[in-house]
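Which chain is which? They are A, B, C and D, in the order written, and residues in each are numbered from 1.
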Amino acid sequence: MIATEMSPQEIKSKKPYLEWGLSEKEYNYICEKLLKRLPNYTETGLFAVMWSEHCSYKKSKPVLREFPSKNERVLQGPGEGAGIVDIGDGQAVVFKAESHNHPSAVEPYEGAATGVGGIIRDIFSMGARPIAALDSLHFGEINQARTKYLINEVVAGIGGYGNCMGIPTVGGEMTFDECYTGNPLVNAMCVGLMEQKDMQVGRAKGIGNAVMYVGAKTGRDGIHGATFASADFSDEKETQRSAVQVGDPFMEKLLMEACLELTNKHADWLVGIQDMGAAGLASSSCEMASKAESGLELTLDNVPQREPKMSAYEIMLSESQERMLLCIRAGFEEDVEKLFENYGLEAVVIGRVVEGHQYLLKHKDRVVADIPVSSLTDDVLEEESQEKVPLRILQTRENQNWIPQINDVGETLRKMLQQPTIASKKMFTQTYDSQVRTNTVVGPGSDAAVLRIRGTKKALAMTTDGNGRFVYLDPKIGGKMAVLEAAANLIASGALPLALTDCLNYGDPNDPEIYWELHQSVLGMAAACRALNTPVISGNVSLYNENNGEAIYPTPMVGMVGLVKELKYAVPSFVQQQGDLVFIVGNTEEDFAGSELQKMITGEIKGNLNDVDVAQMSSRMMKLLSAMKKGLVKSAHDLSEGGLAIALAETTFGTKCGLDIKTHLNGEELFSETPGRFVVTVAPESQKLFLDEIQDEEVTYVGTVTNNKKLTVAYENGQFDLDLKKAEGLWEEAIPCLMKSKD
Amino acid sequence: MKIAVVVFPGSNCDVDLYEALHTVCRADVEYVSHKQKSLAGFDAVMLPGGFSYGDYLRSGAIARFSNIMPAIIEFANEGKLVFGTCNGFQILTEAGLLPGALKQNNSLKFICKTVELEVVNNQTPFTSLYEANEHIKLPIAHADGSYYAEKDVLEKLEENGQIVFRYAGENPNGSLNNIAGITNEKGNVLGMMPHPERAVEALLGNEDGLRLFRSLLANGKKTEEAAR
Amino acid sequence: MINVRIFVTYKESVFDPQGETITEAIHSLGHSDVKQVHVGKFFDVQVDSSKENVEKTISEISEQLLVNFNLETYHYEIMEEA
Amino acid sequence: MINVRIFVTYKESVFDPQGETITEAIHSLGHSDVKQVHVGKFFDVQVDSSKENVEKTISEISEQLLVNFNLETYHYEIMEEA
């Protein structure tokens, strides 16, 4: 591939680093200020990947500082493989999300699969056992062969990896909008459970300690992956070679079990552990040295290699999957080798922690890099970005919002149930093993997934949410809504929201309008996080999500985890019993901008959002949770896409019940998407206690649960009946039908 | 009665089987590594679901050559109870302890859902606590669960009452004769694609699998007593 | 070094869902001239052995491991001697 | 009717974990003379077309459907005319 390496002089004159994503300004700064000499080929490559947005967050860092990242429960905030939160009894929950948008757009199966593989490694590198996976997927409209192919392959890739690993994929979300056609979003989240005493960090310290490499051999996979993720991409050319990363979940399963044995049983051998993700050996090794302020010397000849004649540059930058880097206390190298051998894996010493703070790489008896560790990790030139309010937002601010007019409410509801973003995703979720490890109390298809914690009364609830449409219309309000929506999903399951992880998916940040979107939405998310006391403990930024110069909707994905203190108070999202009373918690306003109804009727997303009062919403949610903890609530479902009408129908699906509803809302308002509302059912005998507990003028009694499969709604200006059996059929068949149809 | 749960590289329902037996049924159960060569001291052996050796080549094809396999074959030949679910069933067919083979689902997709089954034969040590022809629900979670055998083999299975479970509603994978689980001729080796170990707790929504383990434990105890 | 290619296919009596699905997909792409598709797999095996011994090795690994005779049949071709 | 066999393999340098696992399994069976195993798939396609047109059909269905060019490459052999 790379025949002969350029000399430092040639690099200076031919500027290959521009293609690798390093700017001329950065290169000059490295030569003049940091090294005071010209970097060689390998060194230049190291700077290019380590200074990429993917590894250094040089553009997004100033914005990320807006997030609260600590509270009384946070044991580990951002900066390690994943964040850790105390859940009592000496236990902790560990989680993080990761985007794999660009790799999935090019090679959807392997892109999605390796995305899942990467996030799982982040979790077990903290010493935690992964217990669940979730995803957040955004595709174009299901009307093109290419989109169907992307959907099928991405879903197969996620399932293929998680199923083989034996980690249940328990939840997620999936939306469809034109803007994602050329650039789908594939975000994966993993949740782990651990004993606090087993906590690990990615550090390489203690002079003389060994740096050990474990897992798959290194090939030329994904070289330039990290820099590639930071530059607008074009179709991969047809060649006889391929740098696409291929996942091997079988290898990762062995690696996971071996690493967990090491972290949980032999902590005394281990100084630090980190997975090799983006920018592979380069980023994992220098981050481990940087965090410990150590020096490192690696002999690259010892790195297990799959292909012959790999250069130092290739070995360092390879993104081969299923590899981990360990720092092992001197003297325990052989014990570690034996432990891994027992799993059929190779563990190899590739270097040592050394005095000083240099990053020294040797290959074939040559020194191929000799630079200060911090120059790669800390001296990155942070970039100041320009911001500008997008024209579309300035223009809409002056306009009146669209107000719908519906003639046949029942028919509109039937049509809404068939909108892909609303319709059942069972066709996809049933290709995921959602039950393995037998802890899944609530699997895919509910507001949040719920997993019991064996040996305790506790459970964990988890969800992923993001609504690019709202963020597109108003990033700040949309950002608040994304966090509130995730929290509402957890509350509806009976869980206290603990903390969140995120994937920030945006277009090209060099565009001042896009940077403004990023900044504003983070401000909105941060405000909601503060109100809910849910810090951001980990996350990921994915920029340059564009195709042919068109950016996606700004789409921050929120992955949130909540604690169910006693599983017996967790409630389902569907109705339970005839005679139970139905309440709506939260008032309904005219919120049609960015709604599913607007998209269905006008084909557009347009208008101004009403601001949300995060403090009020948070207090409402806590009251509802407290009513649940007193056993006063039989079911709860949060209102989201499609508003009340859709939520009512959904709460009956899969049951033998129906609903008899009377409301003062008008037909259109049944579809309004005012955030922070719930439909709740309560046993008649609990009514008084429930209302006392909620103490909110925003609670409205709207009807009762019946035992016929019919949804009857009398609204302000009319009435309709919906045959729920038929409606459920339409809702279930909509996506299979679209996926099958020829276009 | 002491039960072995065999762990192959890539097994991932080993914990589920273990918990079903240990925590729910309070049975004496132990994990046994594929590297071991003996099953001495055990009264029954269970092969869990998962992706042994990544399902590479064919599901169960490589696990068949594990160190533990000769011991399992000997164990079966002695008439002791051997149970395999999902990947465990695939391994048992690959090893020749059960006839036929499991091929890719007709849908070409992995499928995880609850299906309806008929207990066709309740006269086995694994199913004695079920009613004859009782309909139960169990989860399935597999990509290669389509049972195939030659015509004469199928006829023999039917005649001998070796078909223990049949899909009673929709056939989820294309299995011939709607076969979901079979025994060997002697009836001491059961392989099935559905996961009874995932259906042993009301908390998780289904207890229909519980009687399979209880049957096995009850019959194991009887045999023990008879031996005394 | 001898290179051998081992071909493994379903027996004729065994339904090949993948072949069926692919045939349908090809038709929906408009290629009505394609009548039937059968899918098989092959193993390219490098054996460090003499010509006399290679056949024994190949039939052993095929029969022990690579082929499931309940479903599949196989044949092989000796490609070249390197 | 023309019978064509289309061979699809991973491109050079693409990691093939299945091939590695099978190689290891063969070694553990004692066949140390087997040095390497690569797995590929093939499609036996029956085309009702003239010799001139068949090549066009084959390359079209390969490129549109049967081959994933991110990872794979292909070639084909015209087996016989029936």
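Quick note on the criterion: a contact is a pair of C-beta atoms (placed from the backbone, for glycine too) under 8 Å apart; a residue touches a chain by one contact, two chains touch by 3 or more.
Which protein is which chain? UniProt says A = Phosphoribosylformylglycinamidine synthase subunit PurL; B = Phosphoribosylformylglycinamidine synthase subunit PurQ.
Keep in mind that this is a model prediction, so the values were computed, not measured.
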Does B-D or A-D have more contacting C-beta pairs? A-D
Chain centre separation (chain A, chain B; CA means) in Å: 37
Find the geometric centre of each of chain A and chain C from their Cα atoms only, then give the gap between the two centres in Å, rounded to an integer. 41
What positions in chain D touch 2 or more of the other chains? 17, 21-22, 25, 29
Hunt down the residues of chain B that sit against at least two other chains at once, touch-wise. 53-54, 56-57, 62, 65
Check each residue of chain A and list the ones that touch at least two other chains. 248, 250-251
Would you please name all pairs of chains that touch? A-B, A-D, B-C, B-D, C-D
For the complex, give me every residue of chain C touching chain D. 1, 7, 22, 25-26, 29, 31, 33-49, 53, 57, 60-61, 64-66
Sort out for me which residues of chain B touch chain A in the complex. 9-13, 15-16, 19-20, 23, 49-51, 53-56, 109-113, 139, 141, 143, 195, 197-198, 201, 203-205
Hey, which residues of chain A end up touching chain D in the complex? 106-107, 110, 216, 219-221, 236, 238-246, 248, 250-251, 306-307, 320-321
Partner chain B, residues of chain D touching it in the complex: 17-18, 21-22, 25, 28-29
Residues of chain D touching chain A in the complex: 11-17, 21, 68-71, 73
